Amino acid sequence: MMNTKVIDLKDALWLLLLAVLALLPLVPFVSGSFFGMHVLILVLLFASMAQAWNIIGGYCGQVSFGHSVFFGIGAYGAGMAVVTYGGLPWGGILAGMVLAAVVAVIISYPCFKLTGHYFAIATFAIVEIFNRAFLVWEWVGGALGLDYPVIEEGLANLMWYETKEGYYYCALGLFVIVFGIVRWLESHRFGYYMRAVREGQETAESLGVNSTAVKLGAMAISAALAALCGSFFVQYNLRVDPPMVMSLDMSMKFVLVTILGGSGTLAGPLLGAAVLIPLQEYTRAFWGGLGGGVDLMIFGVLIIVIVIKEPAGIIGILAGIGKSLARRGGTAQGGA
Amino acid sequence: MALLEVREVTKKFGQLVANDRISFSVEEGSIVGLIGPNGAGKTTLFNCISGLFKPEGGQVVFDGKDITGEPPYRIARMGAVRTFQVVRPLKDMSVLENVLVGAFLRTSDRGEALTRAEECLRLCNLTAYRDRMAGDLPIGGKKRLEMARALATGPRLLMLDEVMAGLNTTELKAALDVILRLRDSGITLMVVEHVMEGIMPIADKVVVLDGGTKIAEDIPARIVRDERVIEAYLGAKYGRRLKNGTQGGSRD
Amino acid sequence: MSRGSRSFVRWFILAAALCLLVSPLTGAGPALAAEKIIKIGTIFPLTGPVATAGQRCQAAVQTAVEIINNKHPEIKVPLANKEGLLDGYKIVLVHADSQGKPDVGKAEAERLLNQEKVWALIGAYNSSVSKPASFVAERMKRIFMCGSSSSAALTQRDMKYFFRLAPTDATESVDFVEVLKWLNKTKKAGIKTLGVIYENSEFGKHAAEEAKKAAAAGGFKVVADVPFSPGATNLNSEVQTLKGSNPDAVFGAVLGADYSLWVKTMKQAKWLPKIVINYCSGYQDPVIAKQLGPDAEYFMGSSGYSPQFASLMPAVAPVEKIFKSKTGGVPFDGNSIQEAVAMLVLAQAIEKARSLDPDKVAKTLMENTWDSPLSLGGKVKFVKGGQNVQAKSIITQLQNGQYKRIYPEKMADAKIVFPMKPWDKR
Amino acid sequence: METFAQVVLDGLLSGMVYALVAAGLCLIWGVMDVINFAHGEYLMIAMYVSYWLGFLANIDPVVSVIAAGVFIFIIGALTYLLIIRYTVGKPPLAALLATFGLAMFLKNLCLNRFSPNFLILSDTWLGGKTFQLGGLIFPAPQLAAAALALIVVGLVYLLINSTRFGWAVQATAMDREAAELMGIDTERIYILIFGIGGACVGIAGGIMPSYLAVHPEVGSLFGLIAFVCVAMGGFGSIPGAFLAGLLVGVAEALAGFYIAPVFKYIAVFGLYLAVVFLRPKGIFGW
């Protein structure tokens, strides 16, 4: 009865948010603040990364700590297209996405036989293997990494030196693509199948769901989108080496942002990124220079607090506040 | 022609033989009861048919095709769908969404699936719970959800695993009604029950398992008199006493 | 109570999130330009695996700034004897932590330049961080002073605003090979084969490549090429591999904790080559050398500075005193002192250019030869690309816990112990 | 041939150390189904304890292991009381993520308090000493660590398998509610298990300053390898973790010597994948 209407309202809110985000750089005190733009770009990038992870980790329930591998493959795709072959990044981005999806399917197939912590640790191991293999693989630049040459800036080369607006709109485009895909998946058969597999694999199978195919499909989409984010990351930083992109640290960020925001929900990754990334950047800006690791200590404690106090993530906090407001409103009315 | 044929199916767990060369058939459009005391191997057999277990020997033939060892989802897609004795709701999804998962088997269109799901909810008296989280349903609701979900896949053979256990008389009657209605709409049913009362009035045929072997296969009326069945259910001593009792006539 | 505390946490987190979200929008506002200050940004790895080196580099820059801003008649370094620059300008440092990560270093460079409005940057220790960070500065036409990053590639980029003080691994490698030739000639050392052990990172890899190039040019055969993963739990197979091919000489690019593990593992394996020469690395760290004690003896390495150079560089001692007060007594090493030099030379250039126009200062930096009592050669001279061609290092050997100068001969204060004393004869 | 034997010996010895580090993790995992991401940081803190005792009070690491064990026992128990307790009943990842935050906190706390300097104890009893047997060289610190590994792993195994406390632990591990019905104070069991798990790694960390430099990052890789050992050995199986530790050590040594040193850890992690792909629950898993 209400179903379609509710979705419309939700989507309208999303569109409104996007419109605000799209207009943000036009406001002078935002575009004037270079660092502010940087933080906004990172928020959009990490929201997209988390959302990509959310497909397999949140909706499909397979908690992978291996996404930095796909992220890295995407980064190397773009990086090698520009640095090694001296071309435009676009072909590399596409190749990176396809390759990431293929690699994801190949390594996930045996991994999906593992459950719980065995799966998690297997994905740790895969990250370490890729990290170390890329460090010695001369073709991809090995430990030296790839440094971008100075070339013409602009959309064709997907890089800008002096301004952040170009990157910002690209990040926004990335965000729209990734969130759009997840939004579409969520309301279609595949989305329901993913959640069914998460909630009960045998049950889903009994209803005709090929759970292996669903998981592999979700992993492939997730990996391809992670690779897309990776290629943006390398275009943004103009350098790539294995510790930058293929590390457990990077993998943990995929998971943390999603889980702290609220996994398995469309808004969770954005919320997570909108809180964690500014926190990370600003604590570093305020305290990082002292050299005491104070920023990272605060960050660590914050993770602990959120995880044990609010397992549903920030979206849970918002829902709680909404509820308590409603309750308060209710009692107020009752009193009157 | 039989819709489902079970031929000499054998399933072992280590030394334990859970199903020993069991054979029977389920005719199209009929209701077949599969009964037996606890540990008789009913659910194991169910799992063998629905693909959850791979039997060590024998064959399962559905609609003329050998489906032994096929994965569960493929068997479900062919039209043989089962429910679980221990209910398995997809907890963090709403009741409607649970049923939608089933409904998506025959269509990828959301609107069509929605219509079908609503229909199944209505059939199983779940419309009121539609937007509740499946994990929050009372146990009776969860049992009905199992059925609604299976039904939404548009099965030809619906295999129900103890859906009537624990229901009170009114609920039982409603459940039986639903089953009969399903049969009338052309669905073949295979119903596993631990208690006989539920299934006897509506079954066309009853298969009785005990200790992993089939001990009887007949129409309900004859099954209730079958000595081996009575023995299996009440134990050898009671079975003998019961037999003596009937022979002795007016002893008490 | 639990509900109360829970909802408090909720509100707290939400409020914090809102503050942080809003703060980039409002921005820091225009910097107050009332006082006569020159803001200089530093970027070093203050946390993470190479934090030790990063924190010492940061302290070195602070030391230099203290000398520049205040009157220190006891210090014989340009600008020490007056307060500030350009008639009253003082330098204010803004520090940033790169965590040793290129992406973080780049973002911090942008933040310092755009948000903190620093006038120039100093950093970034890791070559892999210096690259993108200096690139940001170059595009914004800001000067980037690089003290200690050693990758030769940095100064092959033709940048206009980039200046590097330290010798590159390329020149160091050539020096090392010279030492081997010198030994062959003067001591009939008979060194023919070479092993290279290096951490598999940008730093180690570069050093090893230059080493192999130099070895080939010098007619030495590289028989063992041993990269390893930094932060290893043990170095057994690395040492076994070296032992297995038994080279006459070993060049090492091994940092920090790995260096002490490497030395100890060689001792356990009862193996030593005739000679070991290290790139600026764990060998140079006076703390590690002290803690390793006798085990560290007879290893060699190149160094732009060590406390035993005092007789060559008398100006260092009073500066080092300030530095030690910031590091809890740790003296300068070859890396950190270069960062102090970077700061001092930059200040001298500002003074000489009489201007805060980065173009003018960069031009001045490039055109002049600078007095630098803290540098081994006493001079600093940049050439196209920003390399300091006066960068010198001395090959030292640890003898009795002292870094003794061995090569070049005219700067030597001790004779080389060659070959290294085997473990069982110590 | 002699080289081969030496390489295998080195591998076995470092494998014993891995086993010792992994034993504590294994115990915690087996009983509580929690992966403690801060395990490597426990190791690091234990090394600091041992280092400072050696530096300030001139106590040798061989003695300090006891203090380090006790200290990390307390830290472990505190971790349970302050963090893990609140993750029970939450998604399985909660504990892992919370301990990730803890690891980050501890690492940077040590950086803040003790500076990032590499700290090395000179003149320890064992440091640099070796025994020679046949052509083989046995380094004393690793030998001591291996002996400790055997003792500690043996004791823990006995504790779990043949004491009343162990029986209660096993009951708790199998079914917490049932154990409580039997009158077992499972909360206490959890605290003690976290403490004992911590003590194991504390002892490992206590001996290590004999041959390893101490710094805030030292634990990370050990922690990761401990995860691999535990998962390779199989859910909560202490003999499994021990065997896996040895396998990891030997694989690392062989790959490092016969392929290339940079392939050491690739071989370790590859071995783990190979094992779990063949036996998804690990060597001794069920």
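Order of writing sets the labels: A, B, C and D. Residues in every chain begin at 1.
Just so we're on the same page, a residue touches a chain if its C-beta (ideal position, glycine included) is under 8 Å from a C-beta of that chain, and two chains touch if they have at least 3 such contacts.
From a predicted model like this one, the values you see are computed outputs, not experimental measurements.
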Partner chains that chain A and chain C have in common: D
Chain pair whose interface holds the most contacting C-beta pairs: A-C
Computed distance of Cα centres, chain C from chain B, in Å: 75
Rounded Å distance between chain C and chain D, as computed from the means of their C-alpha atoms: 35
Distance from the mean Cα position of chain D to that of chain A, given in whole angstrom: 32
Approximate Å spacing (C-alpha centroids) for the pair chain A, chain B: 44
Touching two or more other chains - residues of chain D: 108, 111, 260, 262, 265
Per-residue overlap in chain C, given as positions that touch at least 2 other chains: 47, 51, 54-55, 200, 227, 229
Residues of chain A whose C-beta touches two or more other chains: 132, 135-136, 292-293, 296, 309
Touching pairs - complete list by chain label: A-B, A-C, A-D, C-D
Chain A residues touching chain C - in the complex, by the definition given at the top: 27, 29-30, 32-40, 42, 132, 135-136, 142-145, 147, 161-162, 233, 236-239, 241, 243-244, 274-275, 278-279, 281-282, 284-285, 288-293, 295-296, 305-306, 309-310, 314, 317-318, 320-321, 324
Touch list for chain D against partner chain A, complex: 29, 33, 35, 83, 86-87, 90-94, 96-98, 100-109, 111-112, 224, 227-228, 231, 260, 262-263, 265-266, 269-270, 272-273, 276-277, 280-282
Chain B-touching residues of chain A, taken from the complex the two chains share: 3, 187-189, 192-193, 195-196, 198-200, 202-211, 264
Complex contacts: residues of chain D adjacent to chain C: 3, 6-7, 10-11, 14, 17-18, 108, 111, 115-123, 127-128, 130, 137, 139, 211-213, 215-218, 220-222, 225, 252-253, 255-257, 260-262, 264-265
Complex contact set, residues of chain C against chain A: 6-7, 9-11, 13-14, 16-17, 20-21, 23-28, 42, 44, 46-47, 51, 54-55, 58, 94-97, 99, 101-104, 106-108, 110-111, 113-115, 128, 131-132, 135, 139-140, 153, 200-202, 204-206, 227, 229
